[in-house]
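Two complexes are shown next, each including chain A; its partner changes from chain B in the first to chain C in the second.
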Partner chain A sequence: MTTQTAKKPRYLADSPRFLAGLFMSPTIIYIVALVGFPFALAIIYAFTDITTGDPSLEFVGLDTIKAVWNDTVFRRALGNTFWFAVISNLFVVILATGLAELLTRDFKGKWFVRFLVLLPWVAPVSLATLTWLWTLDSVFSPIDWLLRQVGLIDQNMYWLGRPSLAFISVVAVQVWRIAPLAAVIVMAGMMAIPKDVHDAVEVDGAGPWRRLFEINIPLLAPIIAVAVLFGVILSMADMSVIYVLTRGGPTHRTQVLSTWAYFKGIEGGALGQGAAVALFLFPVLVGLTAVILRLARRREVL
Partner chain B sequence: MTWDSTNVARLREKTRRRHRLGRVGLYLSAIGFSLFAVFPFSWAVISMFKRSNDLYSRDNNPFWFNEPPTLQHIQYLFRETNYLTFVRNTLIVGLVVTAVTLAFSLPTAYALARLRLKWGERMGIAIFLVYLIPPTLLFIPMTRVINFLGIQETLWSLILVYPTITIPISSWLLMGYFKSIPMDIEEQAMVDGYSRLGAITRVVMPLMFPGIVAVIVFAFTLSAHEFIYALSFNKASAVKTIATGVPTELIRGDVFFWQSLQSAVVLVAIPIALVFNAFLDRFIAGFTMGAVKG
Partner chain C sequence: MALLEVRGLRKEFGDVVAVDGVDIKSEEGEFLVLLGPSGCGKTTLLRMIAGLEHPTEGQILLGGEDVTDLPPRARQIAMVFQSYALYPHMTVARNIAFPLKAQGVDGPERDEKVKWAAGLFGIEHLLHRRPRQLSGGERQRVALARAIVREPSVFLLDEPLSNLDAKLRAAARDDLMGFQRRIGITSVYVTHDQVEAMGMGDRIAVMRDGKIRQMGTPEEVYHHPADTFVAQFIGSPPMNLLDWGDYILGFRPEHFLPEGVQDGGDRVPFDFFVNRIEYLGSERYLYGFIPGHEETKVIAMLPATVTVPLEEQRQHRFSVASDQLRFFDKDGGQKIPPQTIQA
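Now for the complex of A and B:
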């Protein structure tokens, strides 16, 4: 792209406006075509009765959304999504702060500990979850074996087979998976606290607990909030853990909006209803994202 | 202030004891966190080598080889299943997606970081927001788009769609790297007679090397992690990736090939985790602060 313009030996590509257009347009076109367009389609689908068998777009007003809303499974999924996200992230925040606190210290073998504790997050999610599917097996679970050895149970726990226990199990696996991510975000925030602050506190003789509650937590509150919001978005939007472990069962006790959208829209072929189910996530995601942006702005992290 | 020596000694002893206690606590929590994180993986690794008689006996110690370990399940995985096809598909998709991601996000990031555009900052945030739109909202209409293009049940479907995940995060990440390279270097090169493109390719790009490596790692691993699109677009065994192939193909009906299944997980997850782990700090810096602080 070094075509010369008339007189001066200046290059066309030296013009920032030309260059900006040249550099930005592929990405903008791509994103409009493959994010913007499908998103618009998702909204349109929610107002039609489109299915894979009858893919014509006939507008039915609010009928599809009403049908989705009146479905008892949807109501359960809505509640489950909320509790799944809230409960798991409550634990994530506690574990992540502790983990970040640990990983900012110096100790022997730290690189290895870091590798191990980050493993749940960096291994591909569907595969990492498969290790839990086997760990929580109805008959051969090693956890059951341990519990039997110490005499707490006689038979098996059926971790994924009993409705409420299954919900607890998927929450636990989600916590296991997201906590490392949150920890690394919090850790980045911890390292951004000027060393002077720590030194001053140390000179003043504050112990680790006071350091945690009076320095780290107040200073870190915004970045912890960012970590939690990422965690909440991931918990609401990512269906991999639940899909692999329970497929929403037993009796829809672990059904969430994302899995329900998949079963309705892809496996059931009701594209309109599937899209409508997923769209119920949208207002919440917008709200959470707005909060992230505000917090990040205030801290100048974005 | 004056201190008598006994006081000092007592204080010193107190601090030392507190320090030692702190160290013990530190190592205990390191062990605790590691055990929690690694527990299911260790069970997977042991299962890989267990004989069926040993594994499928409820009262055998699951953490011990009650019968000699065996490699037969790993052999089964490689010889009798489509595992290598999944690995190959994942590699192909990952490599092409990575190349596409770089081709799109490098220029975009440069424009956002360097060209002092009026709408540059807003554009940057808009791209960040695209990163936050989860596939869950898009996968249903996306399957229609893919069907319309006639590329369902091919690797092209994944190659076309995965950059929607990787380009936004990579642009955001690279923007931070561009901002960390002083503008002067580039201007000096232009004063020395390079065109802007010349300055970019000969002077700036070599300095961008670490950022480019980071993007290669992320684009590749994110493609290998992706689940929902791969599950929705490709149902045929020959075009599955490891993320969808292993959970769907190695479980037939109610029959689980547990040892082979866990081998498949461990053999792929550990290398990906090792690589990702090495670049994790950059990744996090990229999506939390990157741009302004970089």
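Now for the complex of A and C:
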């Protein structure tokens, strides 16, 4: 009986343990090198007074964090970050739901319109934002030109030059930038709602508003939550739009934590303070992620 | 006046003609079944009556009023979908209340009607559950209750039993019929299941390729099929069809009996070579052919009460009552008047 079962050669590639390690190692190395290491470094830096002029690690306890916290610009940036994320994502949700509703309808040229809607998302962010920088230029803005022609304004608006207007401008561009992704996510969710359900809504006699608020939005809530999660994280952690448009100005009215961390730590050279500012985002983002994922799971009804 | 009338209805999807000139008149309280294989246009026809599809040509009239251009909510119709299409995020009570809410029926009146509809289908105890907590049969009842709650003038059903298992389906069929008789509501029922159609329909419209091939009572379509398609689509096993020279000869398997089993009347004898016998308890199926027509399989169905001994791989003497023979045109397969026949 045991004669033929004997020695078949065993290769290393037969071992699941070895294979698992082998296949996962690129990801693990990548995450450790590009996320884990800088993250650990940031935590360490936040407890030192390290600067680019004096790159020695001297632990100063909570002094750096306290200094950052007591900075009025930081307080402003904290508030701005919050409002920037909340207001832009509020508009993103409304816009994305509307777009999704529109793009799931049948009409001629649907393909082309879908392509146009996605365009802001696929264009490189810095390039796209540069276009906006010119569009909102203080002297040559085509929007100003148009408004002048129509007779609505006498002199230029200075979209990025006046504090409140600058904040509105960066919010608008941010909405323009992330709405397509949200729209596609919501659209995918909308297409996952069985056709029969929409037919039933029609036969049951509901109009478009009832269909939107009593059927689509409740059914899409988990999907919208995911879109919001992406939007909020993008608004809080990504600084490209603000960096290109206003660099946080004027008078720090559009300063957010990500830009402030960059200006402090990289351009200003105060590595320790920059790291401390950046770390303030971390618990906020972790908390948000947890809340939204929980929400998404609870609303799962289909 | 017909309650529901469809005139010259046609629907094209691009190059495909889904419904090709359909005329129907249905009286108050009638249970009309649209029967046909998948892709015959029966569901499209139903969706046009519902208002979910707009016809390319033709008219739809409800109670004499032209509703062709009206949206679904302006028609007095209700529809039950194959998937039931319950709203998954709402309780059963809210599902049933939804059409009333959409109509602007409020407060106590709405609650009362929800209770009435739930009572009709015996689902009062489920009102607080959500659809995913229900069995298939319960979901189906909720879908029916939701459809009936605003007392529509026409009730449309799109294969509502096809998602139930066989045992449940028989019970649900019985329930549905009982309910329809009680309420007396005009119903149009789509199915591909000929047993369902025969058992439920006051009249059956047999469809194929977007056209109604025959419309009649179950007896009519079964005993006097208008063409070879209807003859083979209805009945299980289907009608035997033989190429008989100038025409096609048809007879039902249960009328094809051994010589001597039935006496009297005018009978036409056939030789029958039996290949195989299937014993099914309540009946026997005999598979074979008629010598001279070897290429066509012929089936005989003998009830258990016929105890004549029969053997496989032997030729036997069978016969069919001559008034049970059907004749069809060789070209189009249309029914033609009885012919004289030599066996």
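The rule is simple: the second predicted complex is superposed on the first by the 281 of 302 C-alpha atoms of A that agree within 3 Å, B and C clash if a C-alpha of one lies under 4 Å from a C-alpha of the other, contacts with A are read in each partner's own complex, and residues count from 1 in each chain.
Basically, contacts are C-beta pairs under 8 Å (C-beta built on N, C-alpha and C of every residue); 3 or more make two chains touch, one makes a residue touch a chain.
Small disclaimer: the values here were computed from a predicted structure and weren't measured.
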- Does the chain A-based superposition show chain B and chain C clashing or fitting? clash
- Message: Contacts for A:263 in the overlay, against chain B (first) and chain C (second): which applies, first, second, both or neither?
- Response: neither
- Message: Looking at A:132 after the superposition, I want to know if it touches chain B, chain C, both of them or none. Which is it: first, second, both, neither?
- Response: first
- In the superposed arrangement, which partner chain does A:197 touch: chain B (first), chain C (second), both, or neither? second
- Task: Would you mind checking which one, chain B or chain C, touches more residues on chain A?
- Result: B
- Task: Please work out whether A:84 is in contact with chain B alone, chain C alone, both, or neither, and reply first, second, both or neither.
- Result: neither
- Message: For A:218 in the superposed arrangement: first (chain B), second (chain C), both or neither?
- Response: second
- Message: For A:47, using the defined touch cut-off, is the partner it touches chain B, chain C, both, or neither? Pick first, second, both or neither.
- Response: neither
- Query: Just chain B (first), just chain C (second), both, or neither: which does A:159 touch?
  - Reply: neither
- Tell me which partner A:207 touches in the superposition: chain B (first), chain C (second), both or neither. both
- Pick from 1-9, 55-63, 73-81 or 109-117: which stretch of chain B gets in the way of chain C? 1-9
- Would you tell me the residues on chain A in contact with chain B in one complex that are also in contact with chain C in the other? 207, 301-302
- Within their complex, state which residues of chain C touch chain A. 47, 50-52, 71-73, 77-79, 81-89, 98-99, 101-103, 130, 132, 146, 150
- Residue positions on chain B within touch of chain A in the complex are 18, 22-23, 26-27, 29-30, 33-34, 36-41, 43-44, 47, 55-56, 58, 61-63, 103-105, 107-108, 110-112, 115-117, 123, 125, 127-130, 132-145, 160-161, 163-164, 167-168, 171, 190, 195-197, 221, 224-225, 227-228, 231-232, 242-244, 246-247, 256, 258, 261-262, 264-265, 268-270, 272-274, 276-277, 280-281, 284-285, 288-289, 291-293
- Note on the structure: chain A contacts chain C in the complex at 194, 196-197, 199-200, 202-207, 210, 214-215, 218-219, 301-302
- chain B touches which residues of chain A in the complex? 1-2, 11, 13-14, 16, 19-20, 22-24, 26-27, 30-31, 34-35, 37-39, 41-42, 45, 55, 95, 98-99, 102, 105, 107, 109-110, 113-120, 122-132, 134-135, 137, 139-140, 142, 145, 176, 180, 184-185, 187-189, 192, 207-208, 223, 226, 233, 237-240, 243-244, 257-258, 261-262, 265-266, 271, 274-275, 278-279, 281-282, 285, 289, 292-293, 296, 300-302
